[in-house]
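The structures come next, written out as structure tokens.
Below are two complexes that have chain A in common, paired first with chain B and then with chain C.
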Partner chain A sequence: MIADIPENREPVVAIRDVSRRFRTKLALDDVTLSVPRGVVFGLVGPNGSGKTTLIKHVLGLLRAQTGSVRVFGRDPVADPVGVLSRIGCLTEDNDLPGWMRVDELMRYMRPFYPNWSDAYAEELRQAFGLEPAVRIQELSKGQRARVGLLVALAYRPALLVLDEPSAGLDPLVRRDILGAIVRTIADEGRTVLFSSHLLDEVERVADHVAMIHRGRIVFDAPLDEIRATHRRLTVRFPEPRPRPPALAGVLAWEGSGREWSAVCAADAVGLRAAAEATGGSVVAEHDLGLNEIFVARAGAVAARAEV
Partner chain B sequence: MDIHISQGDGVPIYLQIVNQVKYLVASGRLAVGDELPTIRALAERLVINPNTVARAYRELESAGIVAARRSAGTVVTDTGSPLARRECVNILTERVDALLAEARQMNFETEDVLDLIRRRDRAIRPRPEEK
Partner chain C sequence: MRSPALALAGQVWQRHRLGLSICAGVWLAVAVTALFTPPMAWGPGPEDGALRPVHFLFLFGSFIPVIAFVICAFIFNRDGPLEATDSAFPRWTFVLPVRTPTLVAWPMLQAAAMTAGVWVAWDSTVLRPVGLDLPLVWPAALLAAVTAWLQALSWTPHPVPWLRVLTLLLVVAAVGLIAAFGMLEEIPDVIWVTLLAALIPLAYGVAIVGVAKARRGDTPEWTWPVRVWKVIRDSLPRRRNEFASPLEAQAWFEWRVRGIGIPFAVAVFLIVWVPIFLLGPRSIRNVASPETPMLGAVAGELTPPGLFVVGVLAFLPLYMGLMGLDLGGVLYKGQWIHDARAGCHPFVGVRPLTDGEIVLAKMRVAVRCTLLSWGLTFAVVGPTLGLTGAWRELAAAPILNSYSPWEVFVGLAAGAVLLIIFTWLRLVAYLWVGLSGEPRLIRSLAIIVNVLWMPVAYAVWWLLQHPAGVTTLQAFAVTAIGVKLVLAGILVRRLVHRRITAAPFAALCLAVWVIVAVGLITVVSKVLPGEQVPLFGVVAVVILLMPLNGLAAAPLVLAWNRHR
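After this line comes the complex of A and B, so read on.
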């Protein structure tokens, strides 16, 4: 682990006011985000919401049209070597040279990374059950993902970046990927940035979650805080209602007749009082999983867009 | 240590660990002096963030159920305290509530349920000749 004292207090990734337009489509709309050191940062959002575009900026594959991107305090486009030599990365398309054998790829990658550890690479190869003499194109999708993971981890990068690492993979490979995240973070000071639409996985391993939707950041906070501020209140009204009352802080209502339940992102106490002022009484209050929060938030963004 | 994480019911993962350790202690499956897995080992086994395990252990420590020992990791310190007893009552209350709700739906009177509990108690109690 390289000790960069001046960088310790700085966020590992700092994205500031970044917008990105592809022809007429606004893929990123004034995104500001920072990934603190030593956390597992989960980036969630529906398909096509801008997650991959954002990650490409972090990896220096796209230049910021407006705003700035800094990784370890450096510009990943201007200084790709300085940045990429400290990032381990696994993306969904995971393009590895198919004609190489597993052992050839390991030898090929080693010179690029001063911190490459043969012992750790070999340990990972065995743990993942990868045969050294097999060509990568002959491997299953899951085994190819494990090769990608091996290459991303073998130099113990200070930052591990995973873009939809679990997409289309079976539960065993997904477990290896999550295990890699857990081990990376258990080693003091290392940081993980990963995007996923599998919210169960995000909930298991993330410290901090940002949701992006239609190119904009919808929320960005520690997972504990997100869970503490989002709750479901079920309200019972004396008379059946065709639609629920409009209350500030409610992201989504569902229900019918007398009972309606609200997903809210406000202090539950204030909302309780507001619900009671409309004649209803709160009959239940629940914690929410990230899944429900995500669905309610995405729905609220869509509803605002229609107004 | 038999701990499982279930997702989707909205219970935070750290709290699931806390509750299950309390349950294991209350039911005697963890005894005083027993060692909990290290934070890292449990995080890797459950595939969850190590900070989540650390938070659960801190919570258990402040509840007086475990103590962090520099030499021996985290060990169970307390099983018979009123707190553990209270945990038992909490656990049982939840189960009794579920049982009563189900019984009510099947049109069972509480008396019938009590009868059934007594009958089952006799049925599952070890017979003297087997001892």
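After this line comes the complex of A and C, so read on.
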């Protein structure tokens, strides 16, 4: 039996009260987030919402102006070696040196990571169909992403960080990336933190989802819980209405005239009763996809900001 | 801005308004200085109107950088790398509903007017008031014509990478020859200006054809030079061994990205230097005239070949300081710096290395660059002296007469070792600038290192002409040394406090610094004649030039940049 050492109970990433300002722009606003061990943690949010800024804090590329960031219980700024040697990362730009050959890159990366496995690296290279003597600049964007994935996975990192890894890539490469995520969590105790705005991907692989919007965490919960709490109710009113009624728990309304549809994040039974109290009747109730939840949440935040 | 013509004309101003405003500020400052400073303040000079140091200062210290900036702005060098095959003309303008001749005409007209105007402004308000009577009209026409051709070539797609750089260099070289010809031959201004003006429509035609080709994606391509280059590149030795440590791997990366160009550039310098050396003794005798007593005294002691050798030996440490700006870079990882954003490139930032280790890897590369550069220099200088027989004149230098052969040998060996260490120190002294990841700081420092030394050197020279000035200079040197040493103390303390380095290691580094400084002072004071260069001057120059704070600041600056 494996002893339950304290480290195993700690979250892999613990972000507490972190704010970050770039000149006049508040990029992160008092963010608190915790990534549990052994999960696929999806970070979603519109462009410019603060996903990359948050990930840069995890990698120690940005210093927390307020609050604290701990990865494996350590400060990534104070102890870059201790933290970064256990993280594999692939970013949207995937900025690998174009002049290096694939085998040179593998040889260069090897000494940095004590867990680097030549056999596994070679297995991945063959699986991705990468020629060792080819220079990275001569590869297609998809092949370059595969090279980035290879060097991020070859040492079986305890935490795999992917920042918009699929952006602009074809479905075959995206499949490889999702496969890598699945492979990573298949190894017990390993964790994946990935940001994306391709929500169908997040929905397919994530156990836990956090949404960030305008630098604030809008929601942060296991995916099953998010699905269970978000519903779409279609309400029919006896007379046409110029605008829908204001009901607590409704994130967004769509529709016109007599039939309106509400995306809600509350107890559906209570909401049904509230809708009926305004004269309407609920004629349909549906589950929601992450995409719809995301759009409704982002819209609700924007509406609150305008108010 | 309703007119397309105005929109096109305004793009250079909108993009470079800060730089152009600074240029205008520089012009205003030097014009006011030239206007209100009495002529005798510029120091002694020959009566026949020959160039004085102040003329070089105003010509090279202000006009050349300004005109270079203006030309670069108008050839759109920031819209496309000049070494690439594609046109440097802004691509976004290709989709504008404007005919190509109109698209090309506005920036060409503006550039011609602007460059000619800059010359007229400098000539009439700066150079003439300081006594440098240069022609007004034909240099203005020459600048306008040259800029038009530089624009035409920059905007025309080229079939092979780097070919454009070659053609641009040819244009610049041709300008030099034309200017020299114009100054030597007294051609009437009318003919001269007509000939130069005729070059502008010709350049306009070339530019229209070039931009039209770029607009329709018609970039010519010669594949054979690229294939030949690839064969050569692929036949070069490749790294096949494993790296023993992360530090070794990082040092290899730094060498490939930034280090390898340093000895390469030294080799190019040596190729240029050898012909100059062969032609040099006569010009040295001319320069070392009674009007330059210090240079004359040094040339007398060392002999002309000796002075040339000293010049070559001085080049490396000076050049290395400039290269250190790039060696410290963390903005990019192999491609050109054009689009690099401020900060530390994530490829470097996420390596599991401490900030100190990243700096150490760069310092290791600096050792390799220094040794290779000096190896190349000695390998070229030695045979050149031997084959030309110049070594006999060198060996007969008066300065060597008072020493035994054994003392000369030991002195030269010690001097060589100190010079190598000093070169390495110069190379690593500016690492902190690149490590800051601030492109503006890097560019500004490069300009300061390249340009500002001239007014400083001029001010020192001017002060040395007056007894009161010497006292002022001494006081200034003492203050500067004091500030430098206090700052070093603060930085070292912070390094130890942040545990970036251990206290004993810091003490060892300081001890080595003191030993090298004392060694350099000893050797330099032996080489230079004591009656011309006092010991205090040698001590001050060595201490002020010996890098100290730059070294101590490097890991601290990287820590700031890497974890902003």
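Here are some notes:
By definition in this document, the second predicted complex is superposed on the first by the 303 of 307 C-alpha atoms of A that agree within 3 Å, B and C clash if a C-alpha of one lies under 4 Å from a C-alpha of the other, contacts with A are read in each partner's own complex, and residues count from 1 in each chain.
The criterion applied here is as follows: a contact is a pair of C-beta atoms (placed from the backbone, for glycine too) under 8 Å apart; a residue touches a chain by one contact, two chains touch by 3 or more.
Here the structure is a predicted model, which means the values were calculated and not measured.
Once the two complexes are laid over each other on the shared chain, residue contacts for A:Tyr108 go to chain C alone; chain B is not touched.
Of the two partner chains, neither chain B nor chain C is touched by A:Val282.
In the superposed model, A:Val295 lies in contact with neither chain B nor chain C.
Look at A:Ala221: by the touch rule set out above, it reaches neither chain B nor chain C.
In the superposed model, more residues of chain A are touched by C than by the other of chain B and chain C. In the superposition on chain A, A:Asp207 makes contact with chain B only, not with chain C. In the superposed model, A:Val134 lies in contact with neither chain B nor chain C.
Contacts of chain A with chain B, set against its contacts with chain C after fitting on chain A, share not one residue. Note for the complex: chain C touches chain A at residues 238-239, 242-246, 248-249, 252-253, 256-257, 333-335, 344-347, 349-355, 562-564.
Interface residues of chain A facing chain B in the complex, by the touch rule stated above, are 40, 175, 178-179, 182-183, 185-186, 200, 203-207, 224, 227, 286-289, 291-292.
Interface residues of chain A, counted against chain C in their complex, comprise 59-63, 77, 80-81, 83-85, 87, 89, 91, 93, 95-101, 104, 107-113. Note for the complex: chain B touches chain A at residues 5, 7-13, 40, 43-44, 47-51.
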